[in-house]
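Across the two complexes that follow, chain A remains constant while its partner is chain B and subsequently chain C.
The block that comes next holds the complex of A and B.
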């Protein structure tokens, strides 16, 4: 970890993207997480994903809860507003923020303690409410900031560094999200940037609630051979259900794949996801089928990763509530206040 | 065939436009709208009237009461002693009849004979065979049940001299669009009126005469007024969890939004209401929306306030505007959920761990509910902190006569210190928590305003003037001190206390909120005994300087409030450094409003004590 300021120096030959920004423009402050923490790879993946997509950093809002995971928003997109809120309550803050301005993109960052324990209720309800955002859980199976207690995503029998064994079944946020109606659910591994970056890009572009469970090992407290959330187990046992390529709307689609194994999904803005299924009977558009595959792998001790489920037909919260096109935070007095004459009529109904 | 029953043997109260009628009903029997019609007809006759629901936390079956005080002089607080009881509930009839003052009246359903133990020889009975009449006249079981209530209102109109035309007009108003309901309702009213007129000397000596006291007034409940205030105050986001007695705030907001907040071009909504999974989420949504520049609120009561504490501390420390309506009920814990109290003063003033403090507004009438609601959104934006509007069940859920609501069409919302893209362009380095103006209020930006300037990281952890995390104690202390300064600045924006002073009065009364209902009557009763007191009604916390002066300027100040622990007095001690010896508490905490008699008695007892202690001359 480090608490020095990040140097402002930019290499003169840094590549710029379509809106003239370099990768540096998407970075945040220097990380204060432990060296090798999986969470830093998530920051890096978000930086790469948004730089490649030429997103305007200030049109993104980053919202988190409390915990190691929830520090991540400091470490990417410093030109974006961030909100490090209350433990387990990021979903409600993100919901309110999203209602206030439908035009921004929202990235919620949470952890397994934050979303699967103290905030499990809020997690379930933000999924139900179809808030248009990308919700990432940096999932390490442990409470890092309080030095290594088991979390609710720790698998049965998994052991922490101190040797404590999980006596309970884990909560799988990805399958829970699918069951509760999330329209984009993925799982990835912080060590697999090639997989994670296109998933983030697709999740950011997807209209509706997009969820990515990122297994992100805690190098300090939960990285032993007996931990199912450590690097070793995750490398050895993560199975790619579907590989994803993300092709932004503006780019010509040039790649082609062998028939039968590929699926092309056009997102609402015209971007395209190329999906290469590795399992023969797997269908990420079919909820029951997706759940069946994830659970079947889990029984074998395997972690199913990739784009697990996608549904392009659901409406988001604003569509469900039929709100005006203009963001609420831009509506002024003359658009919101009915005036004295209307109040006079209302008074008359109370006489 | 009905028998003429005369009640002349017992003395009977002779009074016009000054009495209390109480309806004892069973929850869920449809009495509420009939009773409401009774009260409103008196209002329309121009006579001051105040109805109070005393209801159980129940949907069907438990006892419920509706107490209506009529008073030509405008004393509309509760008064002890019932002049006329409409005894419709067999579960409580003994107690109900016992509560009638000698010479008073009991209206009951005489389809069944009244048990001997219920017969008092000092009250007048008004037997009406409600059930028999309804069985005879109506077909459906629902009508037979519901119209009993309408029949007794019809009978009361004969007994008390209610203008029958007003009643029939009200029925027509109420069922506009459901025309087939109008005739049977009017028929039921007539049945009651005819039965009473045919069998008793009508009107009674207890009666109403038309007056002109309600010219231009309205009859509204506080929660309706708050909901309207949220519409007028520019709220676009309401996040809430259903909780008695706050629920009707959001009901009202939703009702008026449907009417007033639909975009005429697109038909889309300029508002969002989210029924959250709990109060934590409700306030989190409101804070998220406030952070992002929308005006947002939540409405709740004591148990919700307890759950919202952590978020309230976050909003205080990270300086996010949010408006909370606390419609107080009786605690602690579940307490008496359908009774009223001013029991959350301390828990709201200092809600959340650490040194946190919040701005409170204390409305006392529906009109003030409306005004405080609209002001709360300006205050929240101006001061960048939670604003808690402290209503209570009495004010929130009971209709009250008040001046009509008004809005100045020249008024613009005060969105506070928010920098736009052009302003940011002119700034070298934006500091979210930089006190550039020296008033403790920093400048903020909405997310998405400027491509390279104005972004910051909002956090509940310690931060410096540029919103960066810090564990430097001196920087933390600077921020905490600036928040104190901000609260001093807040006084420039908060409503002043309402003061009434007499010359040479040694005694003062301090109070807030619904205690107002009994205050004028209590003061007039004391004045008749030669005791004059200065009054101060507090409208906001933190307190203005003149609150301290008021206590200093009087030998003794009575602090009248509706809780056990004298929470307002505690606040005065903590915040105004007020001398405990100079304050005397008059408390009530039985869940209903204090009566004028209660306040008078408290003051008289205290004065007698002072005299016997030789503290004041006899």
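The block that comes next holds the complex of A and C.
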């Protein structure tokens, strides 16, 4: 919240991308969240990621539910399409939009309340249906908008600002997504854009359901030393399982890494992600191995971050449904209603 | 890099680019904010204390502040600082009750000032309230020095000049005007406790070319000719005039010529247009009065026919830069240019001159006949004799002379109090938070995106026909208020407390100009490239914090900060806060309080 708008002046050497836009052109309206909210850093990371990738804002749809998290689509990409839906129902709207026009890039923004409580069922089904989108949960372990109650992602033993202790085990949306068949699952921290930005870029490029669980501290209600979702705890305890560099398709790959420590994954459009494994025997292509590592770190009170799991072989919703190449929303009257003769042909196949 | 030491008074001072660049270090943003509040008299007094002649300088200053203005780095044009100063002078009310009181009982010390220009008058203004008796010698019958003799009335009306000179003279100066000093020894024999010499650079340079002696009556030096026009000894000039030289004096000469009979007036310079020393706005004003400026013309001779100057011959040249980077003018081999003229004005430089100072008084001069001075105290090799203004280090400008005057006054006061004048008093500084509420600051941080507003000019028909009609009309109130909103308030500093920072990135995300980066510490050259957007302007500092919880540091590029305060507004822990930094140089009255 501020009384003034962000001045339009920008750094004179601010780079323009391949389509002539600067990072500032990917901004939205001025945030109304509390100063220091991790969600603003997620907005900034999305802005940076899409500017660096030279995405066309009008080819992006941003869809959200309800909560502090779900306000943030206002704060980035003001020239993109947007839909602020009902609480916990962002997955339904995103699925519908994706069915209607598969050519847009979809960014779903949700929170721990929106996705792990009221919308948990919706979350499970959109993962299962493998909708081609990037689904980001801004996860702060608290219901900030209703003044700081424990949410379903609050870790066992974590305490709210008022001292209430979480008596239940948390729902880990990342492991849940891996279990349910998501083909790209990552976890990151709003304070660490060096990690978050390439993950967003890889997630946007990945074909299939990409999920990023972003620990995004609530500076007002859940940032005490006794909270496991605060800045201090996250800085101290996030363990990077695999660092990611994203190299867009157009760019020549020039970096080289020590053998064995690095893996190259080519995404469907030709972009490449470089994985630098920091753990000795971590394998993000292996579901069981990934789940094992995440849970092992969790037991030590650590938060596993980075690209947790990736599977390039699964099909997305449209492929599974074998839909036509053309997006549904551009099909004309003749294609949708091909006439009596075509109907007769279809009927004949049942005779 | 080591953490920035913001306790050093020059650190935040340097961030206020305009004030840092001003020789007198006038607190510019502070007075611009007062103008924005229509507190013109308060704005005027801030100026008056700092630069003594706000109305004069608001019209004539060389404005070193404006090229320095940060606004010029984030868009095309700096804030019209100089003309806003004039606004304060134009719209103020009576200030006489605000002028410091001069004690009736004197302190018993008597100071002589030689030359009633800006430097000496500043010394008088600073010393009179402390009880000094001041005697001011001036060759002319009136005070003002170069401000009166060198600046034409169409740029500085006589009323404005006299008003501000009188504020000082009326404080009780013993004026010995019309008295040309021919012997320093005799002045010294009058028994002054200190003598300040502010006699300017009164010698104009000649261009001694073939034909000079035959045409001498029609060849003038710029500064003497301007003085003669100012005192109305000269009221006309020939129809065809050539002005030689590319400085501000040349611009004043050509524009003055146009007003007292010159029809075909042209300015001719040896080198390129881009190398002209005149301020861009003065060149613009000359061009606006249809005065052509011919460049790459090297004067060769005065052409005299029948004992009368009829033309000048010039060699045409082009510029080449040799391998040592030195500029060279190479003849093009074209036919020489012959430009007809009735009069030639040489405005090619001026020098100081001290034939009246005997060389056996202990006042040393170097081989260029320039006095040997201490650059901080302005003391000569004679402990009671001080120099300031153009007399000290050669021709400069009014605001520099004022700055010299302040410093010399400090020296004189300390010397009279028996203190070591080399132990210069610290500046007076104040750093205080401007937070008024969660999202409210005591200053208006919503800066305007408007481009610089132009000062309206009087009709050319009118100004070219009367030398006393001022060309610039000054901003009207609305234009002035609009222009004030362009100021970025660079004196409201972003102050960072590393202990409070939780590294949430809120400041990084909101900063419109990518000033703030959290990163690993490294050498400055590396750190400058490691910023969110590179910090390539090495004249502007990086503000570096101590090590933070994650082992990183905060580095802020001061170069492009808009001082919008959004970093502090978004900061959840007040690690960033906006503090107003007031900086005033110590004047004589502040120098002996310990």
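As a convention for this text, the second predicted complex is superposed on the first by the 325 of 351 C-alpha atoms of A that agree within 3 Å, B and C clash if a C-alpha of one lies under 4 Å from a C-alpha of the other, contacts with A are read in each partner's own complex, and residues count from 1 in each chain.
To be clear about the criterion, contacts are C-beta pairs under 8 Å (C-beta built on N, C-alpha and C of every residue); 3 or more make two chains touch, one makes a residue touch a chain.
Please read all numbers here as calculations on a predicted model, not as lab measurements.
Q: With the two complexes superposed on chain A, say which partner A:186 touches: chain B (first), chain C (second), both, or neither.
A: A:186 sits against neither chain B nor chain C.
Q: Given the touch rule stated above, what does A:174 touch, chain B (first), chain C (second), both, or neither?
A: After superposition on chain A, A:174 lies in contact with neither partner.
Q: More chain A residues touched by chain B or by chain C?
A: Counted on chain A, the partner with more touching residues turns out to be B.
Q: What residues on chain C touch chain A, complex-wise?
A: Spelled out, the residues of chain C in touch with chain A are 73-75, 438-440, 445-447, 449, 502-506, 508-510, 512-514, 533-534, 536, 549-550, 560, 562, 564, 566, 569-573.
Q: Along chain A, where are the residues that touch chain C in the complex?
A: Where chain A meets chain C, its residues are 1-14, 24, 31, 34-38, 40-41, 43-44, 190-191, 193, 217, 219-220, 223, 231-232, 235.
Q: Using the touch rule from the top, collect the residues of chain A that touch chain B in their complex.
A: 56-59, 61, 63, 73-74, 78-86, 89, 91-101, 103-104, 121-122, 124-125, 129, 321-325, 327-333, 335-340, 342-344, 346-347, 350-351
Q: Considering the complex alone, what residue numbers of chain B touch chain A?
A: 44, 217-220, 228, 231-234, 236-237, 239, 256, 260-261, 263, 266-272, 274, 276-278, 280-294, 296, 310-311, 314, 404-409, 411-413, 445-452, 454-461, 469
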